[in-house]
Amino acid sequence: MSYARQLLDTYPRSFDVDAGVLAATIDAVNDCAQACTSCADDDLSEPDVAEMVKCIRLCLDCTDICTATGAVISRLAEYDPGTTRPLLEACVAVCKSCGDECERHGHYEHCRVCEQACRRCERACRDLLDALK
Amino acid sequence: MSYARQLLDTYPRSFDVDAGVLAATIDAVNDCAQACTSCADDDLSEPDVAEMVKCIRLCLDCTDICTATGAVISRLAEYDPGTTRPLLEACVAVCKSCGDECERHGHYEHCRVCEQACRRCERACRDLLDALK
Amino acid sequence: MSYARQLLDTYPRSFDVDAGVLAATIDAVNDCAQACTSCADDDLSEPDVAEMVKCIRLCLDCTDICTATGAVISRLAEYDPGTTRPLLEACVAVCKSCGDECERHGHYEHCRVCEQACRRCERACRDLLDALK
Amino acid sequence: MSYARQLLDTYPRSFDVDAGVLAATIDAVNDCAQACTSCADDDLSEPDVAEMVKCIRLCLDCTDICTATGAVISRLAEYDPGTTRPLLEACVAVCKSCGDECERHGHYEHCRVCEQACRRCERACRDLLDALK
């Protein structure tokens, strides 16, 4: 069981969203942040780095947005939909863009791994947006 | 002149948004991230910390979102409105909430300073959203 | 298998450190960053929040240092011991302090979970320091 | 006056280090984080991006370490030299490496600007290390 789930299960207050959906999203954004940090560095090591510039940029954006999203959704009380919803929407959008770009470079195994992390994160953020409705 | 502005003026590619508006927003989100980090720590040092819990949480969220926003809007090329717009909207929302909460604690000078940083950041993000239309 | 390990296994260049040790450290610092973000928020929800101030501060420091450490050790090439060694030492130190403080609050289950994450991260960073010798 | 200085001047507790030195360091690490984020993106836009890979990596490391350092030194109370000293040493080291690499690319104006930010940050972190003795 991930630390995110263990810590939701020990939370001192009640909260409104399903703990399983929330923990899955926290884990997915953290995994995606890590995958994108690594993929950006892998891209920088490829011989055709000039072809990878868009992928690097999207990976860097994706890491930054996933990291912020993971922190904000981990702070359960004082939940503010005016902030959390657009943040999750930004996370969905950057994961979609980054996953699509990694798919274009699917001849690189690191891009295939990163694409999986982005697709899973995109789905998890959509699921959380649905659960928060 | 801030580093943000100097670096925009030396950017190797052209970009579509006014450099002055963009640099002002970058500076405002970075300043706001710093003010909120400090204000959260100040709140933790107050004798009535239990009254400051909401303020601390909002300051932490505000720092995380401002930091991500500053990084993403600093990466000019490959601008993706599907990502940048909701991220700026999340930043506007959290700055509004955090500024309002700091205003409630205006008897603390650090909350007054942090409120100013949040209000300025909110305005700057709105201006950039308008400029990106 | 974690994304960190999968991405190390697909890295385009060779690198000098054992992939298993490095991947375990990346996973441990990311898990610890998440545990500390959640624990700080849990602390803020406890009725005796004034007693938890030191724990909150250490959790916030621990998250920030673990996040930076995870990113830096994920960028394998251009490894610079002058930077990586003191950064890992800072990570060891903050995990030790944060784990000790969480142990003091072991009547809170979230502090027990966070202590485990800190101890595991401290060990992993020490192992990586040894492996980098 | 920067927000960092204003917020130090309103801090509810006493602290042991000179407020001017501390505020100058907070401002320098935040400015350096921003300069390195921009410089990495500028590097990615240059026609000879393959020559800029080391510079990009060092800029990314420098941003991550400066951001963590700025947050940790902004949390004044519970100051823990076992953590803060090696973190500042890591910051000095990465600023030195990044500044040196940017100097090598001084034909690019963005690298000259970033080098200045790195040198200033390196000096500020050394000054704070001295002041904390």
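The chains carry the letters A, B, C and D, assigned in the order they are written, with residues numbered from 1 in each.
Here is the rule we go by: contacts are C-beta pairs under 8 Å (C-beta built on N, C-alpha and C of every residue); 3 or more make two chains touch, one makes a residue touch a chain.
The structure presented is a predicted model; accordingly, all values stated were derived computationally and were not measured.
Traced through touching neighbours, the fewest hops from chain A to chain C number 1.
At the interface between chain B and chain C, over half of the residue numbers appear on both sides, which makes the contact a same-residue one. Rounded to a multiple of 5, the Cα-based rotation taking chain A onto chain B is 180 degrees. Between C-D and A-D, more C-beta contact pairs join the chains of C-D. Each chain gets one centre point, the mean of its Cα atoms, and the points for chain C and chain D are 21 Å apart. With each centre defined as the average position of its C-alpha atoms, the distance from chain A to chain D rounds to 27 Å. Across the assembly, chain B contributes residues 41, 44-45, 57, 60, 67, 71, 75, 77 that each touch 2 or more other chains. Residues of chain C that touch chain A in their complex: 2-4, 6-8, 10-13, 26, 30-31, 33-35, 37-39, 41-42, 44-46, 63, 67, 70-71, 74-77, 108-110, 113-114, 117.
Listing the residues of chain A that touch chain B in their complex gives 54, 57-58, 60-61, 64-65, 67-68, 71-72, 75, 77-78, 80, 82-84, 86-87, 89-90, 93-94, 96-97.
Against chain A, in their complex, chain D makes its touches with residues 40-41, 44-45, 49-50, 53, 56-57, 60.
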